[in-house]
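Beneath this line is the structure, given in structure tokens, with notes to follow.
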Amino acid sequence: MTCDHPIEHLVTVRSSRRLNSQTTVLTLEAPLIAATAAPGQFVNLSCDHFLRRPIGIMAVLRHEGLVELGIRVVGDGTRELAQKRPGDQLSVLGPLGHGFRLEGLQRVITVGGGSGVFPLFFVQQVCRERGIDALAVCGYRSIDESILRDEYAGLGCQTLFAADAGDLDVAGHAADALKQLLCQLPPVPQTAVLTCGPRPMMQAVAALARDYQLPCQVSLEERMACGIGVCLVCACQVREADGATGYQRCCVDGPVFDAEVVVW
Amino acid sequence: MTCDHPIEHLVTVRSSRRLNSQTTVLTLEAPLIAATAAPGQFVNLSCDHFLRRPIGIMAVLRHEGLVELGIRVVGDGTRELAQKRPGDQLSVLGPLGHGFRLEGLQRVITVGGGSGVFPLFFVQQVCRERGIDALAVCGYRSIDESILRDEYAGLGCQTLFAADAGDLDVAGHAADALKQLLCQLPPVPQTAVLTCGPRPMMQAVAALARDYQLPCQVSLEERMACGIGVCLVCACQVREADGATGYQRCCVDGPVFDAEVVVW
Amino acid sequence: MVTTAVQVGSLSLKNPVLAASGTFGFGREMAQYQDLSRLGGICSKGLTLRPRAGNPPPRVAETSCGMLNSVGLQNPGLDVFLRDELPFMRQQGCAVIVNVAGHSTDEYCEMCRRLDQTPVDAIELNLSCPNVREGCMLIGSDARQIESLIRQVKQETRKPVWAKLTPNVTSIGDMALAAQRGGADAIVLINTLLGLAIDYRTRRPILGNNTGGLSGPAIKPVALRMVAEVSQMVDLPLIGVGGIMNGQDAIEFLIAGASAIEIGTASLIRPTACTDILEEMTALAQADGVTDLAEYRGTLRLWGY
Amino acid sequence: MVTTAVQVGSLSLKNPVLAASGTFGFGREMAQYQDLSRLGGICSKGLTLRPRAGNPPPRVAETSCGMLNSVGLQNPGLDVFLRDELPFMRQQGCAVIVNVAGHSTDEYCEMCRRLDQTPVDAIELNLSCPNVREGCMLIGSDARQIESLIRQVKQETRKPVWAKLTPNVTSIGDMALAAQRGGADAIVLINTLLGLAIDYRTRRPILGNNTGGLSGPAIKPVALRMVAEVSQMVDLPLIGVGGIMNGQDAIEFLIAGASAIEIGTASLIRPTACTDILEEMTALAQADGVTDLAEYRGTLRLWGY
């Protein structure tokens, strides 16, 4: 029980790639994280502020020992992270959390909204590695705010892009695009819907999956401190086995939960 | 009364020159400060810590608009300042305080101890500009800890270097060297002793000056916050005109005081 | 354009930004760096009846996101203030609030009586200085003494009397209620938290007075809580102070229930903090579509109520 | 080699570093990242007699050099703790301190009675949780209730009883004296300061519970002051907590009078904070020529005394 499992890593920024005015992909030299991370897991990054910032893992390059993170600037911490330059160092805890469960699945449909497309890209990467059939739905506000479109298109699977503004494949939310996809899709056993994005979008996706009797996993966000399960500040309300509701820790019991247990 | 006199300057580091393991000279692009600074004045520098750090002005290059600061690393704030690189920016308040009074002097003897030699170098610079005869005494722990020796030697005036360790001109403190100097020095009217360094050294220098009936000005250090006279935290005990002791503000009433008023 | 004028009881301020006591002197030095007529007002350095030398140095210790001070009310005394400083302050074109501290009820009363005859806009009773042994914080930690002091002081002056409270109490609400009962015209929250810093090498307190008052962003959450707590309990105008460093902080205090705010330690880091913060407030309001800063006041919507 | 063993009353600790309650869980997660036998001890997450779900999220708000939490004593209840967690904690090779909170004296007593029969090393009475409406901080803000609670609890158990006090009081000394009169074996200073954070856009408190407890380096000066103040007033061993982020901070608390220290929020930023800080303490001691960490205790030399 008293192993010295390294959880804190001092990592160097390899490169930084700006996607648009609000979003940046950071590539970190973090071989230990790259070696063990599973899709849906996240890291907790130091910045100039008091608390760390949780960011999902977008992709790993295992051989190069690199980890990619997609960062959307919403406040001072993410702004600072998006401004990191090659050679900068930061302290990273990870990989953290309970990711998506892919075991036993034959087909996966990822449904991402906004920066939710980042961690789902890692799901796609792993599905390819494991030979799981995978389709993708990505929703954005508009073509201008769309991100990772080339990367998703490059996956070579069926991919639908939706935009509220109507300037991509489907006009509407990611859930609308998912509906369109599910209508035409021949049923395959062991199909699951995995979703990440704004809460109302995930709720709509979960409802749709339920209608189609597909299991659904959702990646929740909650304000965190430790990220490792000791402080209980990241409580998510879930339905327990006995039907009562209770709190689970987003950081270690999640961030990925079965849609069925989530109390929306 | 409602002028907008700029007191805060966002300045860029032009260069940084390491003198020894503990001391660095920073050159800042600060034309407004360079234009108006007088010897004995200081600046208050932003760093990663909550309060600014007061640092004396070591020299100005008025034509280039540059200000030189000599920084001795004693804690986290000075460590960070000493690590600044060309191009880094920092917020600087200055020039601040009441410097040395050179008006009417015909000869000046500067007596510096340790990092006290920094601000006195600026005195020497201005004495040359104004045609005031100036001599210098610089005291250090040892030759290894000595700083600005070439610069002082390059002034072309009589300069004595003292070291406790005995490995420079005079074995002993700066006050011992001053004594040696005063013994051999033909008296000149309007001579003053200006000193900066550790408090006990300045006290000894002041006593010696008194013995020789020379006016003496000392540059005091006190913990500061605002540096501009509004918070009263930088109290120095002085003897008032009526003989009673009271507090004056190191930052604006000083940092340079007549040795006569200082309560040691 | 954003309307900035606010009322603190009967006193009209051109905007809600006041310079806090003890971090702005009497405005003289600050006037070199900014146009003081842009401020809502200035609270003088804390005054006592007779001159005070203050505490032995060092008087400041840096802490994480804050500082301790132990100035101990160094001031020239009321007479010198009235003669040498008030005329200058009065000329600056903003409200003049005089911060007064006494050893005893009598001293507070005498100072207020004398100030009644002067052109000051309001009297801020410092019931909260942690750096002097006598009076002040002792009175300010006891609801009965607060009430009785204010009641007596109010007999001596028709000027608005503001009660500046200390956070070093079990129930700030009880102290505020006492101030209200005594007849205070406004409540100022908060003065500094009592703290200690140690030099681990010398094993000595850093401050010559051993302890000092903690100010700066470190205390903002405590100040904000006290403003929100008191705003639910009393009907008086509140003035929020504690760790305000920028326009957003200032607006948070208005939302919590303050009619005006005071800027303390921020002025020590940045001499133009008061005027900068006012500009930031109006810029944020504009971006928010708020046309009058007073609209923010007390708009905090608590959860579950 | 630096001797690290310290005594807290009758309890011997292999070193003065304890993990504070609420920031270390029951040690299970932390055991993955460090050898817990290197610690002096672990204080359990605050326990109540019956399971508690805790407060609605969000439960954390970042502040300048600190954070607010409003967990609200989420815990599985004493029974589940004794069955599922205590055996694991007991195996880690360090002292086990159980942090207990009750709605009422009866609950505190019942929990202590039950803990008396278990292999825990000490009971830390949480008289200071700012995040629950009942009991706890209310009791902890009233000297009489503190005294009477501890007196009754001491009837129920022979385990050392530590009183963990809240800083949200007018006189921490009075509370500590009351704990001493009641028969406490040690005093733990401090729990969190009550604070508020506001989202200025939504005009809502950030925390689902509206207010929360402020912890981290922001509060260190207050904690240090309270330890020094209480150490001059009571004869009990003190345990210092509040904003300790490194070995130097920890030693400052020893100098102020603490026999041991607890690391809270630092563990959330850095999972190995407790073991790191112990290492830093011994390295500093070595550099100082101090051969026994206990030598630091209470060596603060105040000015002017």
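Note that the chains are named A, B, C and D in the order they appear, and that numbering of residues resets to 1 at the start of each chain.
The rule is simple: a residue touches a chain if its C-beta (ideal position, glycine included) is under 8 Å from a C-beta of that chain, and two chains touch if they have at least 3 such contacts.
Given the structure is predicted, the values throughout are model-derived calculations rather than measurements.
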{"item": "Neighbouring chains shared between subunit A and subunit D, ordered by label", "value": "none"}
{"item": "Computed distance of Cα centres, subunit C from subunit A, in Å", "value": "47"}
{"item": "Whole-Å gap between the CA centroids of subunit C and subunit D", "value": "33"}
{"item": "Chain centre separation (subunit A, subunit B; CA means) in Å", "value": "57"}
{"item": "Contacts with 2+ other chains: residues of subunit A", "value": "none"}
{"item": "Numbers and ranges of subunit D residues touching at least 2 other chains", "value": "56, 61, 63-66, 216"}
{"item": "Overall pattern in which the protein chains touch one another (line/ring/star/complete/other)", "value": "line"}
{"item": "Inter-chain touch pairs (all)", "value": "A-D, B-C, C-D"}
{"item": "Contact set on subunit D toward subunit A in their complex", "value": "22-25, 29-37, 45, 53-67, 69, 71, 74, 91-92, 206, 216, 265, 267-272"}
{"item": "Touch list for subunit B against partner subunit C, complex", "value": "1-8, 46, 49-52, 91, 93, 222-226, 228-237, 246-247, 252"}
{"item": "Residue ranges of subunit D in contact with subunit C within the complex", "value": "56, 61, 63-66, 68, 141, 168-171, 193-198, 200-201, 203-205, 207-211, 214, 216-222, 224-225, 228, 243, 248, 251-252, 255-256, 284, 288, 299-304"}
